[in-house]
Amino acid sequence: MSGPPLSDEKQGKRERIAMRVARELPEGSLVNLGIGLPTLVANYLPQGKGILLQSENGFIGLGPEPPKSKADKDLVNAGGSPVTLVPGGCCFDSALSFSVIRGGHLDVTVLGGLEVDEDGNLANYLIPGKMVAGMGGAMDLVTGAKKVIVAMEHVNKFGQPKIVKRCALPLTAREEVDIVVTDLAFIRVTHSGLLLEEIAEDTTVEEVIEKTAAKLTVLPKLKEF
Amino acid sequence: MKKVQTPEEAVHHIHDGASIMVSGFMCCGQSLSLIDALIRRGTKGLTVICNDAGFPERGVGKLIVAGRVRKFIGSHMGTNHVAGQKMNSGEMEVELVPQGSLAERIRCGGAGLGGVLTPTGLGTDAETGKRKIDVDGRKYLLETPLHADFAFVKSSACDKLGNAFMAKSAKNFNLVMAMAAQHTILETEKLVEVGELDPDHVHLPGVFVDSIAFARRR
Amino acid sequence: MSGPPLSDEKQGKRERIAMRVARELPEGSLVNLGIGLPTLVANYLPQGKGILLQSENGFIGLGPEPPKSKADKDLVNAGGSPVTLVPGGCCFDSALSFSVIRGGHLDVTVLGGLEVDEDGNLANYLIPGKMVAGMGGAMDLVTGAKKVIVAMEHVNKFGQPKIVKRCALPLTAREEVDIVVTDLAFIRVTHSGLLLEEIAEDTTVEEVIEKTAAKLTVLPKLKEF
Amino acid sequence: MKKVQTPEEAVHHIHDGASIMVSGFMCCGQSLSLIDALIRRGTKGLTVICNDAGFPERGVGKLIVAGRVRKFIGSHMGTNHVAGQKMNSGEMEVELVPQGSLAERIRCGGAGLGGVLTPTGLGTDAETGKRKIDVDGRKYLLETPLHADFAFVKSSACDKLGNAFMAKSAKNFNLVMAMAAQHTILETEKLVEVGELDPDHVHLPGVFVDSIAFARRR
């Protein structure tokens, strides 16, 4: 799953997103982190808060990557990479794993996005004619989790906004996104549209608005992260 | 007692055009030796039901690369670029199913259910061709059962009745697939005598298993 | 679940039914035995045939009753009585137990009956205004098992036939019964009605017909059991 | 970490009129101490969802005998003659559900499903009030989800996160009920430290458990 090495700047943006997302995770919550950027959130989990990570391939208690010599082929994350179990973890089959996810037992799901729109629609699994990855567990996660956080860069590799008025790509789920965290902004999806609550310390409201193709309501007391 | 065979013997009766459920998640908990034996046997025109298309050089992905799969039903194929090519060229038909719905559809097949209702996929392309049913004012998609002629499942250890234990994240689709197929072949890394497994540690009852293929851990 | 002690004659009849049913169980089959008379079948299982008994409360590999001193409160049959597990048994929850039963994995279910009729309908769980036991797992067993054997006395305690033209009591399932074994007869349910295939060694075809309130086709080469 | 309480503390917030799922099969795998504590507390007007009505002098049956149950949903009540009397007198409403359908309905409640289709009960009184749905030319009954305010579940051993192990036939409805209730109380015979249970031997993930009540084996 590892692509080409990232530039320091790009990696820095990703780490910032991960740090901000980590602060959104409530004490004692059960959280699923998607492959890619969301995985970085694991590095910033608040300590002593009893947050447990779920891996949709079948366990609760996802721990850090082991040293290569300790990798166990029977213990991988949803990306197929070797991981560990924390004390108190437990393993189960796919039917139970998705009962956890779809039954409302997952407090937060964090996943990447291609597009998010004003209604909280998410597109993240398919670019017709190009990327045919498939939805994996994303539709289940987004529909089933109590809170959906999309963690992504604010614009795509062509510099185009990923937060749009109306998703053009095939949807992963309708009206399920609660929060979008990007390298520039923390945006909450509300019944009256997108609310810009925080901006990154090295950006401006103007830049965020310029790079967003959807209507943003700006919180009067805007915070920085 | 179940027949204990080599992987070659175990797949010998699988005919061209068969449908096969293959357990595993990115090859973890997958019956790699049964798949290799089936590739050597040359069986083709298969319908494969598997969580993902895996990798081009390992496990279920090899069957796809070898052109043996006529139709693939799964949730994800992003790690096997050949699968995408074969889909785009029309050589392989693909049905993408949300992973949770895939697990439930297979479970339905094994548990005698006619279907389950789920909100997953509502308002997305996953709706296509599916009935919508209202219950108590909420809308759901009807997901219908999946069955197969064969299931390839995999255990860390099993006894000679087929009672099986799967370590850690190697459980995934093994149980539901073993239930949903006409003939289930269990590849196992370790074979023990009847009575050696603790009855409370069995993840897959042997009654779902038709034959056992012993193959080293890999 | 134990009622008043039975007379020797009555017990003898029950044992005969159990013996005959036991002969119907195929090699390597998975079998569920209902509470009461069907439980006796366990005493006559053919040896070395690898027949396994399932208990719907959650295990495969039902073994004999233990001595009182070895009873384990966590190991009971579907009647709540202490039992044992045979080597190779395994335990599971109710959802999986009924997946075994309803998914077509159970080869034979043997259960008692109040009424069986010409269409293979079975009534065995409710007498309106009198017995309000409930169906327990009976509807699932009768609908899900590959073969349904009803093991019961030929007539009720008032001497009235239990094999009837049309069940009057609430049904457990429609058209699912394959075989009825009584103290007098072995009857197969076919598409063209009830076929009397065997009679007990101490009865006559005439007695069986007299005590049956349904049309019986008599097999030309009638066997005895 | 989950709160570890006495049975009295654990049931203290259960209000009159609550719905409670009670695991167990003829009292095996049943949280007898939670039930006794609830009886002492005097809570009434309950809706109880349990496989069976048990025995008049033990477990869930005592709640019925004490007149605390307004409605009983289960598969069987033949071993508790008081339950039958209360049903016939109109004092207690009873909904009988085939045992397999009961397990699936509870599982639906816990797994976010809107229902399952089953042939069980077709052509019987169990059809009453249920929708019939055709799939591929076969008829099924639509069984809808069951939820509850509380679940009383029971383990042989659990850790302080609520990860639980149930010996032998004491598993029954524990897992599905723990999933389907708003607030799940786990009565346990043995309490161990986090990390002491093998992750592959956990029958009920602690994430489904809200509080733990320690009570001796009985």
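Should a chain be cited, it is by its letter among A, B, C and D, assigned in written order, with residues numbered from 1 in that chain.
FYI, a contact is a pair of C-beta atoms (placed from the backbone, for glycine too) under 8 Å apart; a residue touches a chain by one contact, two chains touch by 3 or more.
Quick caveat: nothing in here was measured; it's all calculated off a predicted structure.
Undergrad: Any chains in contact with both chain B and chain C?
TA: Correct list: D.
Undergrad: Return the chain whose centre of C-alpha atoms lies at maximal distance from the corresponding centre of chain D.
TA: A
Undergrad: Per the definition at the top, count C-beta pairs in contact and tell me whether A-D or A-B has more.
TA: When A-B is set beside A-D, the one with more contacts is A-B.
Undergrad: Distance from the CA centroid of chain A to that of chain D, rounded to the nearest Å?
TA: 35
Undergrad: Measuring centre to centre with CA averages, how many angstrom lie between chain B and chain D?
TA: Centre separation, chain B to chain D: 32 Å.
Undergrad: Taking each chain's centre as the mean of its CA atoms, how far is chain C from chain D in angstrom?
TA: Result: the chain centres lie 28 Å from each other.
Undergrad: Which positions in chain C are in touch with at least two other chains?
TA: 59, 85, 91-92, 98, 102, 144
Undergrad: So which stretches of chain D touch two or more other chains?
TA: Answer for chain D, listing residues that touch two or more other chains: 104, 107, 112-113, 118-119, 166-168, 175, 199-200, 203.
Undergrad: Work through the pairs of chains, note which ones touch, and then classify the graph as line, ring, star, complete or other.
TA: other
Undergrad: Tell me, which pairs of chains are in touch?
TA: Inter-chain contacts occur between A-B, A-D, B-C, B-D, C-D.
Undergrad: Which residues of chain C touch chain B in the complex?
TA: 30, 50, 52, 54, 59-61, 85, 87-92, 96, 98-100, 102-105, 144
Undergrad: Quick one: in the complex, what on chain D touches chain B?
TA: That would be residues 104, 108, 112-119, 133, 135-136, 138, 140, 142, 144, 165-168, 199-201, 203 of chain D.
Undergrad: If we count contacts the way the header does, which residues on chain D are in touch with chain C in the complex?
TA: 25-29, 51-52, 74-79, 84, 87-88, 94, 96, 98-101, 103-104, 107, 118-126, 156, 166-176, 203, 217
Undergrad: Can you list the residues on chain A that touch chain B in the complex?
TA: 1, 55-59, 72-76, 78-80, 85, 91-95, 97-98, 101-102, 126, 129, 131-140, 143-144, 170-175
Undergrad: Would you mind writing out the residues of chain D in touch with chain A in their complex?
TA: 1, 107, 110-113, 159, 161, 163, 175, 179, 194-195, 197, 199-200, 202, 205-208
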